[in-house]
Structures are given as structure tokens and as C-alpha cells.
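Heads up, the next two complexes both have chain A, just with different partners, chain B and then chain C.
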Partner chain A sequence: MSDAIISIQGVTKRFGEVTAVERVDLDIRAGEFFALLGPSGCGKTTLLRMLAGFEQPSEGRILIGGQDMTGVQPNHRPVNMVFQSYAVFPHMTVFDNVAYGLKVAHTPRGEIAPRVKEALAMVQLSGYEARKPDQLSGGQRQRVALARALVKRPKVLLLDEPLSALDAKLREAMQIELVRLQQTVGITFVIVTHDQDEALSMADRIAVMESGHVRQVASPQTLYEFPSGRFVADFIGKMNLFEGKVVAREAAGLSVEVEGLGRLELPADERAPAPGRAVGIAVRPEKVELTRSAPPEGSVARRGTVTQVAYYGDVSYVFLDLEDGPALNANVINDERAAEPHFVKGETLWAAWNPRDFLVLGE
Partner chain B sequence: MENWRKHPLVFWAFSLPPSFWLVFFFLVPLTLVWGYSFSEKRGIIGTELTFTLDNYLRALEPIYLEILWKSLGMAAAATAICLVVGYPVAFAIAFASERLKPWLLLLVILPFWINILIRTYALIAVFRTRGYANFAYEDLWNAANWVLNTVGLGQLQLIGERFEPMALLYNNAAVVAGIVYAFFPFMVLPLYANIEKLDRSFMEASLDLGAGHWRTFFSVVFPLTWHGALSGIVIVFIPALGAFFIPELLGGTDSQMIGNVIERQFKSANDWPFGAALSFLLMYATFFALALRALVAGRKGGGALDA
Partner chain C sequence: MAGRLTSLLGFGRDEPIGPLDYGRRWWMRLIVGLTFVFLYAPIVVLIAYSFNDSRRNIVWVRFTTDWYVKAIHDQSLLVAFGNSLTIAIINTLLSTVLGTLTALLLWRFRFPLRPVYEGAIALPIVIPEICMGVAMMAFFAWIGWPNDLPWPISLSNIVIAHVAFSFPFVAVIIRARLAGFNRELEDAAKDLGATEWRTLLDIIVPYLKPALVAGALISFTLSLDDFVITFFTAGPDTITLPVKIFSMVRFSVTPEVNAASTVLVVITVVTTVLALRLQNAGQKAGSSG
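Presenting the complex of A and B:
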């Protein structure tokens, strides 16, 4: 791909017995906001550190801006990193922290102060130049780390779990601000996170990782609506997952025998698994419709008893036991003001859904 | 022991022996010697407390001041060498693999298990004219001579006509080397402790921002581990200043340090009041250095130095 600013080619990283990253191929495009998403220990940080140059791949190679980075030291790479711990130098003022990378690069004296000022304005820290890091809040320290990296005008900015240490409110604000910042400076951002909401809401594209492997690379919406496999389907968002077996495959669709749901006729394309194959059948909670009266002809519906209702304000999670055994989770949007819950525990309801909303997961 | 107030008996039972120890084996002798420093000699072994300042005045005579300055210089040189060599060593240990680390630390501490006097004598065996250092030098010289002869440059005598052993012993350099050898672990250990707890991401951030390794050391590592360096400097410098058997064993006639002068007063010269005054001058200097260190640490401290 010609517009790839970062090209990760067959990269494997081993630490002794542990394989942290395994045969990863990944292209990151210039100017995009890219997220590496996965559970803790899946190798995200290791992959990011290989981009920064703190770890060397055991196999494969990494190109940045078309140049092979094999053997290139961190201080000679056109990338900068915002560390998870921020790593703002405690013995320097905010100004000196931000100016450090410029001084090191022998930037002309007259140029340093205006650029530091500009970078601090960008992260809304104007006026904090003389402060020491221990006089700043966690969120402010993070902005210093951001400014310190951005002032170098790197080709790529690497961020390792940048928001994990912030409280929920500040985190949400920073998510929006990071996106705004990325759009302003136009630099490629590669962010590591284990928080799917963060990745979904911020990134243009996401690579989902599991135990060292990249499972799927796609836009947030594609990941959510068309996950490539069980891991991604389960990891991103909430999911009702049933076990099934393909009975027949025709042009019109797929016939699947599903445990607890019986026979389902689902739309499918030519890539659908062959008859006899075990498959996972999945449907998102918000795509299940709950009604008291029998649903109209044509939709797939099953009866179930409400076992629990979890109220979140904007949405309620309703948990049902279907008549034939399996548990089902449905989300109900509370779009009308009401003093009483819409559904209550013990009630018997119809759960209905559109066959098109079912996912058929192979492997 | 937060609730020691509730159990005063336990508290006293535990704190009495150490207090007793401190008072009778530290404070009392120290006070006695302090008293000597204001006393006058009477007869062969007798002294009388007369609150005289003569001992101190005598200690400030040029001959003794010169020795004091020289001692300060030698102790400072030894401390500086310990610092410069100690940093890379402490670094190497801090960055060694978890498996190797305890062994490297053991290597640093191991010499403590052998009496310092014996270790100093061992240095004599290394440094003397027919010692191990000169043996190695001789082998090198012979090898170089052989090479020169072989390539036909033998008659130019570029490295001298015959092997001359180096005079490594009985001079100031030998004394400094001996002090470095004796107190080096005291520098390495606090440095190691500080480097070990230094967050690696500070160094990585510096590299990431384009700094080389030297720049990273001087701009980031050193300012953040200066605390350990300061501790190392103090606990090497103080005993180095008081050294007496190292200069006696390794030094020449003009290598005596203030420790030797003090020792002589208590032994051969048998002038305890003057020896006591010299000792306390050193002690005052030490207190001054410690106070200065506390002041520097206190001013710069708070955030930066402890981080």
C-alpha cells in the first residue's frame, strides 16, 4: 500500500519462552487515527514499543515512511511516544520538558520558545510554563507529555494507554480532545488501549489483538457489526452467543440448528460455512426486541421469563431465560420518561429479532 | 508498633538495651575524648581538664593544616574516582538480568567478608616492584619488544632498552588507589539503589525525544539519581578522610594523612589531648559536610531529588 506510513511486515517478538507478538502484518495509513485494541497481555505495548524502537522484532521488519527501521535507534526514528506513565521529567519545568526534544535536536534558540508556546497552547496549558510536574494534576501531566511529543512534529505519534490513569469524566473529555488534536495537527496517531469504547469512539481503524495475533483490522462500525470471528464478536460490545450446526446451505440462505433456539433460517453469502460445520450464532442485545404481545408474522421470536433488569438510565439491560433453556440479554432504550420500569422481573415476554441481525461465526 | 503507648513495658524492654549501648559505648567515650581535647598533658599518661584551647590552636599550625589539606585532596580524589567508576558499575548491575543481578551485587559486597587490613596487604602484593601488576606489565613489555624485534624495529628501542618496573607503591597514587579499593562498595550500593528504582520510562522518553545516551545520562539520569551519588560521596569521603593504615601501608614518606597524625598522638607521641583535638576538628568538618548535604538535599529536594 503506497499511502502506508507504517508497514509492519511479518513481525514476531519473543521474550525467552514468551511470544508476545506473533506474525503480525499491518499497514497504518498516513493521517489516520489508528487503535491497537485487545485485552491485557495480548502484546499491544510490545508492538508499540517496536514501532518506537525500544524493542527489536525477533522476526520480520517495520517500515516507517517507507524506510526500514531495523537497527534504527529510538532517537533516530521519526516517531514520538506518550508513555503510559507520562514520564514527564520531574526535575524540569513544563517549559523545559517541552523544550527538551528541541534542544537535543539543536533547534535554533529563537525558534524554541515560540514552538514550545504553540505546543502548550495546543494542549491548553498556556501559562503553565514555569510549573514543576509535581504541581500538576494527572491530566495536566499528560498534556505536557502530549505537547512534548507533538512539538517534535513527528510523522507518527504513539500513545500507550494514554487515558487509563484518568477518572471517567476526564477520560471522556480527553477522548474528544485527542480526536480534535489529531485532526488539527494531521499527524498519524497510533493509540494502544484495552478499552473498546475508547477505541470505537476515537479511531478511524482498529486492529483487534489476541494473544500476540491481530484478529481483525477494520473500521469501528465494521468491527462491531461484522466481526470476523468469535473473539472479536465477544470482545467488542455485548453479545448473545449460541452454539449451532449448519444443516443446509442454499442460495437463499443458511439453515442452522441452534441449541435452545431450534431451527433458524438465516441470510448468508457464498462464504458461509458448509453443512455439518459447528458455528456460533450471535446477536447483539440492542437488536433484540421485547414485547408483551405476540410479534408480527415473519420475525423470529421466542418466549422467555425476565430474570433480572439492570437499569443504566439511558438504557436497561433485560436478562431473560428463554423457554428452551438459553439465557438472552436484550437492551431496552428508555426513550420515554417513566416512573416505573418498563419490564419487571418474573414477567413473561416475547423476544423477537430480524434474521438479518444474526451473525454466523465460523472457527 | 503504633500502639506502643498501650504497652509501655514492651516499649521500654525493647528500647532500653540499644539506648544503654548508645550511651555507654558511644556517647560517654565520645564525651571523654571531647574532654581530652580541652585538657593539658600531665606526666606520662595523665591529663587534666583545664578548658584550654591550646590543642586546637596547635592543630591549626601550618604543618598540620598542610596535612589536613592534603588529606582532603586525597579523600576528594578517591571519592571522585569512586563516583566516576561507580556509576557505570551501578548501571550495569541495575540493568543486568534478574538472574545475574544478585551475583553481581554479591561480587561488590564480597570484599567486605575479608578484613580490610588483609585486603590492603594484598594490594601491596599487587603494586610492589615484583608484584602482579608489574609482572603483567613485564609480559606486555616482552611481547611488544618481541613484536618490534620481529618487524625489525628492535634497534630503535622505542620502548626502552630493557624492562623497567613501574614504581606503583609508596606514593600518593597508591594511597588513593587503596582508598578507592576499600570504599568503592559504599559508592556503588546507594547509586545502585537509586538507579534501580528510577523509572525506566524517563530514560526511554529522553531517547524517544532524540537524545543520545550521554545526553540522557547528564540531563535525566544524573539529576534524578543525584541523591544516591550524594549519599555515596558522603559515606566514602568521611572514612577516606580519616584513613590511617592505608596511607601507612601503601604511602611513601610524604603520603601521611591526618589520620596518621592522630594515630601517632595516641600511640608513639602519647599526646592524647592534641590527638583528641585533631579528631574533633575532623568531626566538626564532617558535621559541617553532613549539614551542607542536608541543606542541599532539603532545598532541591521535595520533588525532584526523591522522585
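Presenting the complex of A and C:
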């Protein structure tokens, strides 16, 4: 709590009938790269706009740097935003765009030029001062928007889907650059994205949102390996999900009956539902091991037929139909040069798991 | 037959005419040509005879600029022209400001009956001018507007009438431009520390500039060549150029009238072309950002 630069406390936002954000509690720490991740329409932008001051919470309050922001207008908040459309002022040069926030704040004239220069250098746009926005590419316009916000030296930089308008190559380069930039300036970044790869690769911590609620706040690895529920498990990464029923829940282990997989003996899990209750059993594709020969004693293994192989270069996705019905997706890393695919459509394989890699998900 | 006609007219080309190549079909070209003739022939004749060295607009004698010299020395014509320009300039200032504020209000705020206001704004554009004129006359008679005010106050009732019918044009032009405004630009300015007022001056007004110029030029030309509404609102002693031309024509169409009209045509055409060009330029520049 003490090192939280942003503290969102019981915030709800309604637009007439629509509840865009519902009872959100969230602390963002000083200096961290924080991501708000969720599908389109889940309320990410609304939450970000409440931080910037463009929307006022219907309920709850927001503290920034320990100060209650209720009723504080956007131009008086210690945060700056990079907009989804970049919102670079079309009638101003790059220099004037970046200098604008300093001018309206009555920064001494002698201080403006060096600070603009420094900000432009930070985003690698030195030499572009005299250009007009229509002479810049999309990526360059975004850098102007970044420089324009950073030059104000905000406590927090807010970014709304900053990479969604860029093409794939540029997006990847920009992901790395944004992280580098954040580490250089040491400012807290809060980024909104619907792209899980973006969030996973860039953020220190991620809040996963679904229809106005925050479902889980955790590090990328925790989100991926220990999702708190079905939504997060399904939304982040790829997942094989099976339906089952708890048979026994004891200190020694958890016993579940899974449709198509039969009885599974899993490690103890005190958060699992009570015996007799329905449960979801999930496993990531890369945790499935495919072999032609029967797997060793002790591992959980089932036989299945390959229905499709999707080749992605570094990995191949193998789709199987298990003997007892359910479909299964497994990843094979192509870590050796080979002219022929590892597995082919139609062949029968063993799919094996370590019981520890199964996720137990409540309803 | 048709083929021979087209090649005679120089339209014939070797490639076959595509289904959408209407511009290459002889009958299309004929219609377009005739339209231009009917639209512009009278104006061309008017301008031509203003340079004709003859009292009567019947036969061409020789080129002269005498009628322009004569028009410049006609005191009452000059007074009328001065009145017209004064009215047009004041009208332009007032209706540009009023029209812009109206458009901003309709764009920016939500209030009860807003669609009704949006529709009502367009009314002066569609109401027949003669009705506007009669209504204005009745209005000024009803409030007992004095007729014996000193110049230029004496022009104020005409200015009021002109503002009433030209500011909606400005409002419509500005409103259309605002529809394409990226609201995030406004948010960005506030986010960087600007107040509402600075955001308006620094971001919205520059964005509106082409529409502001176009609106101003259009209200200028509307006012400058307005006859009907001015005729009904003008007091007995205030005369504008179109009203003066009308009164001169009642006696006879002299080349002097042609000269005065040509001046009016040139001013109107130049301003309109400028307005259109600025609006097009604005549409191109406004799409970025």
C-alpha cells in the first residue's frame, strides 16, 4: 500500500445502463510497468480514462501519489497519456507538439528547447523537430506522442493500446523499446492492451479484466502458470480444458474423474471444489509430451490420433483426438533442423503429462 | 451517323468506350456542353457588352472601358457600392462568430431538444428568400425601427437581416468540419495541461481554420449580392449595389449597369472560388493526425 503510486479503491463506472467498470480495487506500484489486459469492451479504456481524469468514477475513489483525485481535472493531474490515435496535433510541428505541454505550464522559455530536445532524443526522433505530422509514419507519430507526454515528467504514463495500429514487425520492435524506455526514465507505465503477448512480454504485473471486473492481478508467469480461474486460464495462452468431477480431496492428493481421460490422481489442492462437485482440469499444450513408444511408469498417458499439424517454424501445433473422445492440442518445439515433420496426420501417438502440470479450476 | 458526328467533334478515339465512360459518350458531352451554354452565356454576354462602345446592347461596335469610367464617376453608384461593402464586411464578422459559436454549441453540448435546434438552424437556408424579406420588413415595422439614423448606423437593420440568413450557412459549414474532429486531440491538450479555453484557441480553432475562412467568404458573397431581403428591409435612403442596379435597370439596361454588374460578378466568383479551394484544402489536411 505504501509504495502504491496509484490506488484504485472500489471504483465503479456506469454509462447510463452500461456498467463499464465494476468495483475495481487495484494498487499500482511506483516504477512498475503495469498492464491492463482484457478482451475488447471489458472496460480497460474507461479505467485508464478515469486515471487521466477524463471520466469520473460513479463510485469509489482514485489516489495518485497518495492524493485523492476526485474532482481533479485532467490538466491538474500528475499523469500523462499516449492516446490510441496518438492525437498528435496536426497543425503543429514535431517541436511544437512536444513543447505544447511545457508552454501551457508556463515553463521558462530557456528551459523548453533543451527539454524538448532531450525528449525527442529519448524516442529517437532527433532531427525531426521541423516536420509536420503528415510527413511522419505511424510509428514516428507515436514517438511524438510519447515524447510529448514524457517531456512533462509525469508520475505515471498512461498508454491506451499504443501498439495496436502498428504492423507486426514494428510492434515487436516497439515492445522492446517501450520497456527499455520505461527502465531508462523510471516512470510508472500503465498500458492498456487486448494483446496477451504484448502484456506478457512487457509488463511487470498484469491485471486481467473481464466485463468490468478485475479477475486476477499477478506477474506474467503467475498468470500463465497459475491462473486463478477459467477466464484467465482460457484468455492467457492456449489451454486444453476438460470437464470433470472431484472424487476425493485429501491431504495426500486430489482425485478427479475427467470426461474422456478417466480417473486422474493429482497433487493435493486445498482450493479445489468439494468431492462430488464439478471441476475443470486444464493443461497447457507445451506441457503435453508426445511419444511414439509407451511412456515410462508413473506418468499420465493416453493414446490419440493426429488430426492436424500446424507448422509455425519454431513450434508445431499438433491436434489429436484421444481414444476416448476429447480433442487435445500439443506443442512440439522444432529444435532440430529436419526436412520432414516430426509427426504426421493420421499416426497414433502417446500423449503424456506430469500430474503436477494439471490446473484445477473451479466453476 | 453518331459515329461520324463524334469524330467530327473531335471526340472519336480508337479504344472502345467502357460501360462507365460516360464522359466519352457524345450525347453526354452534348448535354454538358448545352448546360454550360445556358448557364453562362448570359453572363458572358453581360461582361462582353460592358466593354462595348455602344449605348445599346445589340451589336458589337468596339472595345472600350468607358462604361467603367462612367460607373466610377456615378456618385450614387459609388455610395451604393460603399454601403454594400460595409454591410458585407460587418455581416461577415458577425455571422462567422455567431455561426461558429452555434456550431460549437451543437457539437459540444448535450441539451434537451438539441435535434430540434440542429434542424431549426437550417431553416433560414431553405425558407424562400421572399418570405424572409417580408418577415424582416414586418419585424422591423413591428418593433418600430427608426428610419432616420445616421450612416453607418442606418445600415444596421440590413446587417441584422443579412446576419440572420447567412450565419446558418457558416454554422452548417463549421458543424460539418467539426464532425471529423478527433476528440482525442482535445483530450490530449487537456492532458498536457491546457484549460478548456486554451484547448479551444490552440487546437479547435486551428483545426477549423479552413472552414472558418470558407464560411466567412460565403457569408460575404451572400451579403454582397443579396437583393430580395435587402430590398424589403432597406429604408428609403439606404441603397445597396444590387438594389441600385435593379433601379437602374428599371429605366433601361445601359452598359453602365453591365459594368457595375460585372464588378459584382467578379468579386462574387473570386470569393466563391477561394472559399471552395480553402474548404478542399482543409479536407485534405484535416484527415491526418
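Basically, the second predicted complex is superposed on the first by the 363 of 363 C-alpha atoms of A that agree within 3 Å, B and C clash if a C-alpha of one lies under 4 Å from a C-alpha of the other, contacts with A are read in each partner's own complex, and residues count from 1 in each chain.
Simple rule for what comes next: contacts are C-beta pairs under 8 Å (C-beta built on N, C-alpha and C of every residue); 3 or more make two chains touch, one makes a residue touch a chain.
From a predicted model like this one, the values you see are computed outputs, not experimental measurements.
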Using the superposition on chain A, decide if chain B and chain C clash or fit. clash
Quick one: is A:Asp134 in contact with chain B, with chain C, with both, or with neither? Answer first, second, both or neither. both
Identify the partner contact of A:Arg143: answer first if only chain B is touched, second if only chain C is, both if each is, neither if none is. neither
Where does A:Lys44 make contact in the superposed view: on chain B (first), on chain C (second), on both, or on neither? neither
Considering only the contact definition stated at the top, list the common interface residues of chain A for chain B and chain C. 52, 54, 73-75, 80-81, 83-85, 87, 89-91, 100-101, 104-105, 133-134, 145, 148-149, 152
Parts of chain A lying in touch with chain C, wherever the complex brings them together: 52, 54, 73-75, 80-81, 83-91, 100-101, 104-105, 133-134, 145, 148-149, 152
Please output the residues of chain C touching chain A within their complex, sorted ascending. 182, 184-185, 187-195, 198, 202-203, 206-207, 209, 285-286, 288-289
Chain B residues within the chain A interface of the complex: 199, 201-202, 204-212, 215, 219-220, 223-224, 302-305, 307
Spell out the residues on chain A that touch chain B in their complex, using ranges where they run on. 52-54, 73-76, 80-81, 83-85, 87, 89-91, 100-101, 104-105, 132-134, 145, 148-149, 152
